[in-house]
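This report concerns only the one structure given below.
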Amino acid sequence: MNPMLNLWLIPVMPLAGAAINGFLGKRSSRQAVTAVALLFSGAAFAMALLVAARFSSLSLPYQEFFAHWIRSGTFTADFAFYLDQLSLVMLLVVTGVGFLIHIYAVGYMWDDPSYYRFFSYLNLFMFFMLTLVLAGNYLVMFIGWEGVGLASYLLIGFWFTKDSAASAGKKAFIVNRIGDFGFLIALFLLIKHFGSLNFQQVFGAVIPLPAETAGAGLLTAIGILLMVGACGKSAQIPLYVWLPDAMEGPTPVSALIHAATMVTAGVYMVSRSHVIFERAPVALTVVAIIGTLTAFFAATIGIVQTDIKRVLAYSTVSQLGYMFMACGVGAFSAGIFHLMTHAFFKGLLFLAAGSVIHAVGGEQDMRKMGGLRAKIPWTFWTMTAGTLAIAGIPGLAGFFSKDEILWRAYQASWAYWLLGLVTAFITSFYMFRLWFLTFFREYRGEAEAGHDHGSHSGRDSHGAHGHSGIHESPKVMVIPLVILAVLSVLGGYVGVPGSLGGNNRFDKFLGPVFHGSTLVDAQHTAIGEKGAPEQETEGSEPKTKTAASTELMFTAISVLAALLGFALAWLLYFRSPELPDKIAASLSGGYQTLLHKYYIDELYGALFVKPLIDGSTRILWQGVDRKIIDATVNDAGDGLRHVSDEARHMQSGNIRSYAGWIAAGSAAVIAFMIWMWTGPR
Amino acid sequence: MSFHLILFLIFGAVCVGGAINLLAQRHPINSALSLIAVMAALAGDYLLLGAEFVAAVQLIVYAGAIMVLFVFVIMLLNAGVEEETKGSRVAILVGVPGMLIGGVLVAWVVLLRSGTEAVPIGALPGHPIDIAQLLFHDFLLPFEVTSILILIAIMGAVVLASKPESAAGKVE
Amino acid sequence: MIANAMIADASFATTTITHFIPAYSQTLPQLADYVRILPEIVLSLFGMIVMALEPLVDEEKNPRVLGSIALIGTLAALCATWFMAQSPGLAFWNMVQADGFSVFFHVLVIAIAAVVILSSYEYMAVQRIRAGEYYALILFGVVGVALMTSAIELVLIFIALEISSISSYVLAGFRRNEASSAESSLKYFLLGSFATAFFLYGVALMFGATGSTNIDRISRTLQGSPVPVLAFVAVAFMFVGLGFKVAAAPFHIWTPDVYEGAPAPIVGFMSTAPKAAAFAVLLRIVFVINVHAIFWVIWVAAALSMTLGNIGAMVQDNVKRLLAYSSIAHAGYLLVAFAASPSLGTSAAMFYTASYAAMNLGAFAVVSHFANAGERYVTLEDYEGLGRSSPLLAATLTIFLLSLIGIPMTGGFFAKFYVFSAAVKANLIWLTIIGVLNSGVGAYYYLRIIVVMYMRQARKEVPVTPVGFAPRLAIALCLAATIYLGIFPGSVLQYAQDSAQQLVQQTPTENPPSSTVSIPATY
Amino acid sequence: MSTDNLSSIILTLVTFVPLAGGLLLMLLPRRDRDIRIFALVISLLTFVLSLHLPVYFHRAQTDFQYQIDKQWVSTPNIHYHMGIDGISMWLVVLTTFLTPLCVLISWTSIHERVKEFFILLLVLETALIGVFTSLDLFLFYFFWEATLIPMALLIGIFGHERKVYAAIKFFMYTMIGSVFMLAAILWLYAHTGSFDFVVIRDQIASGAVPRFPAAAQWLFLGFFLAFAVKVPLFPFHTWLPDAHVEAPTAGSVLLAGVLLKMGTYGLLRFNLGLFPVESRANAPWVMVLALIGIIYGALVAMVQPNMKKLIAYSSVSHLGFVVLGIFSFTQAGLNGAMFVMLAHGVSTGALFMLAGILHERRHTYEISEFGGLASPMPVYAASYLVIVLASVGLPLLNGFIGEFLVLSGAFQDRAVYGILGATGIIWSAIYLLWMYQRVFYGKVTHPVNNSLSDLLGFEKLAVWPCAAAALVMGVAPILWLGAVDPAVHAALTPFARLASRVVGR
Amino acid sequence: MVPLSYYLLLSGFLFACGVAGFLIKRNIITIFMSIELMLNGVNLSFVAFAAHWHALAGQIFVFFVMVVAAAESAVGLAIIIAVYRTRETLNVDQVNLLKL
């Protein structure tokens, strides 16, 4: 009855692009490569829009089965796609933002020697990401899950001649693997207990189950393990460490993968499995706590970072924390909403940052920037829009989504809310810090020296631009900026919460996904045990007046926090720029800690990496393998040879000795025979 | 204490004495002579056992031919008194005890087996005709085969004792 | 009184005559009797011909003549064996028995002799050895060996044993310019006759225990329970003697020295033909004179021989010596078969002797060719790089060595296989495990030879003379036999089993293996 | 000839065509080029012939197919009994698939004693195929031992510096391991009067074998030891790194690709097939060994300075997965084990080829000798990456399917096994990617490496089929599992019975 | 009347002496004589048993043993000569080129 959408075409398009560019790109011109890349990613976007257009006519969830993938006994995993509101949103975001970033990248990477490789990777990423969001079962999702990991590995290490880039890529992949480990175990649990990985079957089997109020249980275990996976992919504590390093990749990559799409896969996966989480309050709590902590923690680090991209990276981590916070309190739609808006403004911010870096010739240290406002107006204005949006200035996308999350968080527990609020303040502070440092006051970089060519080969290689001077980026880069800016300004209006006179269309749209299966009492307990003052199922309309008013109040508070952040940034980085150093000096301890990101990398290094390597080398390889096993074997051999050497001395060469042996031997034989005669008889 | 037994004891004593003397003597010639004594005494024992034929052969072939050959070789190689070299501890530490144990065991078995049933003198008629009967009829094949044995012995002796043509240097 | 005396005398004479005449059987040996020892007759005839011709033939001019005659002799003997096989039965008043068993060993030892003679051709030339006695001695030696396998009378066995022994004493000393050769000959002789004395004492005691020296009669006597202790001791003594001949531990120590000193082709001969014969005798004695106790002795001897042989070989650098040790180990494997039940064990042992003869002769043929004048090149380092300098020689030697290891597609594999399966069938689990472990470890030293041949560069110049026709033929024969036994063991094994069956049935006792029945379940 | 009577002799053909080729090769004159081409043709012919097997294979049917059963030796009753099921079939095809690639990869790297090399290679192929096709225990042992010699010679003659040590170590290890199997086989023959796998299996199942219960554990161990050495399972693995490092490329490829599988195949076919009860009983510690193998192998691999050693230890780790899967006694586990065997055969084989290609150019395997190779040889780097990802176990590549199934199987059997095993996916990522980074990323440290030539034609021909196979196996594992699944199900039925009996008690 | 066992003991003693001689004597010829002594011991028990069993075969056996002994001595002494020729010693302890 459903019209055939041929969803498979959507991911396959970029795959084809990747293949073509990968195999032929080397020999074909940049234009050709560009054409292919844009054509196929654009096609994917177009088809996504097509799907959206025909969406209303579908009976949801809409599923497509293509082929059996694995069959082992009764267990089967198929190539199957699954489309509902949630995946539609993701689909649009991924294809849309992805397409824009493709366009941007054309300009940004134009001079790179292995241009084709870049786009081939980028398309490959699109393929895996789309597979992830369209997956009809956890295993196909896992394909995308690992695939995007691969793509990010390749793209982070795109400038592989630079060791830091290569290491960053490896780090990303391995940390993700640790997450995937959890994910896999969760899958095994699902197989063991539900015999399938199909969303339909699994959820169908889970829905009748009661909530595990008692705490730990099968679903809890599954939930937590899934969360481990999400932590890896979405850079949450404790597995966030790879994301900042991932900034070694080209900026478009950071924008697409490490801001807009891939890192949000975790959020998507958690919301996709909300059925399980809703029945595992403990797991939900874990999610919430991890999210909140990450949000705050990453934000604090963001304060002191001087690398423009790293600031954005930490802010991404912190924003993802928001999303998990939302999921953790059961506000999945809010999480997804923030995911979308975040995709817009964070993508925008990264692209803009890229454009800045591009402008100043590869410089990423904000202390060497400044006063760029006039030189690159387009970038400036778009960036401003993004900054305002993320800072949560009313009326922009970020405002609505973040506000929604905070409100729902408060409903769950004031602690979440408080931390969230502080985070919001810090966020706006470091964003405006970035903003001021980059665009205001005088230019601090050595003006033209930024262009000693090839000096920063490997880093965004814009030494390669033959021309000098700080310059606005080409159209092809500016247009996406503008579009994204518009989106991040207006994107929020799809989900204006009721309290602000809107009626949260976004939430309603997603409603069927998240409420279709919600069980009220679970919600009650889920929130109840978190001592929420208000107990109501999410998005239940119309809100009571008091609720609306309190919500308004909270909104006001968060806006206040944002403004406060702006003010502080203005004070420190525009008004009296010498202050920061003073402050830093005065509380150097804290400052150093922040600057070194709480020494987490060092900690991990000391805790896991080094012991592992040394242990394996000294104890296992040199010890067990060489000294114990091999030594034993060789000693056995030598021992035998030694024995043999000894035994040879029986062969003294002296006839009388030989006769002696014979005599003794015969005596033995005779004795034995006589004994046998006496004995057995 | 029959006359028979006395004779046996005499011959036996000679045997034992000769055997021990063979071991005790340091010069091969003496050993050879004591061995001859042993053989002669044995011939006496054979007579006691009524094996005249064997006794005769013993004296003629063994004591006569073989031992003469020995003495001849001793002379030829003018073997002197053997020097007391410490060649082999094994022979003394392993071999001799083994020999003793084996000997004792066998002796024990012998006593155990055939208590004291006596062998009468002339117990069996070692009549030449009977012997011939056996030798040339029942044991015809072995008898013939011995000829090959002897042939080989002769050939071997010739081969080994004759000077190797290409080893002239080695002899002197 | 004189008359009386005369009468008495006469009467004595008459009485004696009347008393004796009828007792004499005037029967002479029939044709069948001669047919049943025809191979021996043929061999000794040719031996004498060779001897007689030796002074007449000038060896400088035509060195091959005597060898060829000897070879013809062996071939004729093979044909004679065919006749012998046609008329099975006893001969010469229960002296020899022509049955499948003895025919099998006749064929085997005579074939061995043929191969040895072939491989001796150029060896003689290279070592400058006077040929006449050499070939004659081999032929006469084979007579003894062959007789051992068919004799069922201890006297004859003893004499045959002596014939083979004495001929090999002499042959061992044939490289008369070499002190080592003389020494090996001396050692072999002294220890050999020492052991023979033991065997003889055993025979004497057995005679004392049973009053007979004919194996069949002995076994029939021994059926009467209880078995006298003398028989036990006798068997022990005989085992010492025969154990010495087959180089079974602890009576093996002479082997390495003697083999090292003796001429290589002769070692090939010594390590196969007399051994096979001695095993044949042992088989008869173990399974026919059926004293169960010997089983354990054999068990221990087998385990010891395998282990000592392999361990001893491990660090040897002299190939001849190494192969000597390996022959000890192989004697051990063979004894495993003895420990097993007769019907199985016998056939397994027969097959083993055959395949062992094939591969060992081949190996020694190659070694003796490679050893060159004065046997200069017999250490492992001489073999370095042989795989390059003469690939064919190396390849054949490799195959023989693999067969000695017991790798599939070679006779050695099936030989070991049958032996061990017989052992397992008889529940000799532990002996089997010791055996297989040994054959695993034993692989090492054979591998060393292969390794130096193929995986090492030659460090010194070793002249490899081209292989003449005769030795090539010899090697080819051994190779063919090894491979054939490795791929189609069926026919030979079948024959072995049939004759073993005969042997078992000849023994008056029903199922002598009662040895394995009467003893606990698993060893 | 119609397919039917081809089917009746196909196994014999597939098994002995390489041998025949080898024998013919002996007669050929020493013109290296002709010899190479001839060997290639023979191996390709074998491959084509072997394709007959999956094509005409009846997937539904669980018992052995293409059977041929002739008396070879009357006493003892040895049969020339061959036949394959879904399990052995793919291993045969794997062998025939890898051999031509081995010929190609040795095209230039072997330039002296070429003739001997290819003869040995072809003989080895026959022996390997024979191991997988023979259903008569004797025949099996026959081929099993027969693999030893050519492999040892390949290592010993054509290997690198410490080749002799490696060859002897390899030989002695496997020799001593397999004699115990021989003893066990002999016992079985002595008490069943047959070497036929099917007969013996049924007799044991019906409890018709005297004294069996007493001996079963020992028999199990006898077989197990032989196979464990070959796999190699944890404490018996130290011959592997040496053998690999010293072996010529083709040798390593067949060693890792097929020889190791002989061990796991043996475990699957004989230990499980003949001694289900004992297998159950011994499963716990065997699985522990397997887990140790997985983790230990990975950790040791991680710190290897030598590329080939690293790959060798990674094989230890991967084969650990196989054993884990086999002794989980679950459908998924066994399917997975089977698939890991195939996948590992392809991907690790390819890894060794790639390592060999590098050795061709620089005559060293030391990772520190390289670095930044991605710039001078991009195609090589790309191919290498694909293979690395395959053995890291990336979905849509062959490594993932097997590991996933194995782990889920192990998890179903006992959760902790699954969890510990699953850490393997982390380790593999660590050691392989780290190695890849050190070899290919960063700047070119040794100037020599700048001038390295990228993949040559015949090298592409050797490597790319593996990459393609890795992809196909990853996307459409169903093609393989389709045949494996029923066979595995059949192999597991006794255990089902076992379980029911246990429940019954 | 002499008990059979006496004869047997005597023969056993001679045999043992022969063994002992082989073990302790250094001169090759003497050692060879010891072997002859052993044979004599055997012969005695043969004859004794023959008497005991009333079986002439034993005597025949002795006869053959003597023949063999003769042959052996011929060859043996030849070998001894050969050894003496190459080594110029009759001390058995010094005839040990071949060892280990």
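Think of it as A, B, C, D and E in the order they're written, each chain with its own count starting at 1.
The rule is simple: a residue touches a chain if its C-beta (ideal position, glycine included) is under 8 Å from a C-beta of that chain, and two chains touch if they have at least 3 such contacts.
Since we're looking at a predicted model, the values are computed, not measured.
Where touching is counted per the definition, the chains common to chain D and chain E are A, C. Centrality annotation: D (chain centre taken as mean Cα position, compared with the mean over all protein Cα atoms).
Relative to the C-alpha centre of chain A, the farthest chain centre belongs to B. Here A-C and B-E were compared by C-beta pairs in contact; the pair with more is B-E. The distance from the centre of chain B to the centre of chain D, with each centre set as the mean of the Cα atoms, comes to 70 Å.
With centres set at the average Cα position, the gap from chain A to chain E is 97 Å.
Chain centres here are Cα means. That of chain A falls 37 Å from that of chain D. Between the Cα centres of chain A and chain B there is a gap of 102 Å.
In chain C, the residues that touch at least two other chains are 155, 159, 162, 166, 169-170, 173, 176, 185-187, 190, 194, 229, 233, 256-257, 441.
Taken residue by residue, chain E touches two or more other chains at 8, 15, 18-19, 22-24, 31-32, 48, 50, 52, 55, 57, 60, 64, 68, 71-72, 75, 79-80, 82, 85-86, 92-93, 95-99, whereas all remaining positions touch fewer. Residues of chain D in contact with at least two other chains: 172. By the definition of touch given earlier, these chain pairs are in contact: A-B, A-C, A-D, A-E, B-C, B-E, C-D, C-E. Residues 67-75, 139, 142-143, 146-147, 150, 153, 157, 160-163, 165-167, 169-170, 173-174, 177-178, 180-181, 184-185, 187-189, 191-192, 612-613, 615-617, 620-621, 624-625, 629-630, 633, 637 of chain A touch chain D in their complex.
Those residues of chain A lying in contact with chain C across their complex are 640-641, 643-645, 647-648, 650-651, 653, 655, 658-659, 661-662, 664-666, 668-670, 672-674, 676-677, 680-681.
Listed in rising order, the residues of chain E touching chain C in the complex are 8, 11, 15, 18, 22, 28, 31-32, 35, 38-39, 41-42, 45-46, 48-50, 52-53, 55, 57-58, 60-61, 64-65, 68, 71-72, 75-76, 79-80, 82-83, 85-87, 92, 95-99. On the side of chain B, the complex with chain A involves touching residues 87-99, 101-102, 105-106, 109. Residues 19, 22-24, 31, 92-93, 95-100 of chain E touch chain A in their complex.
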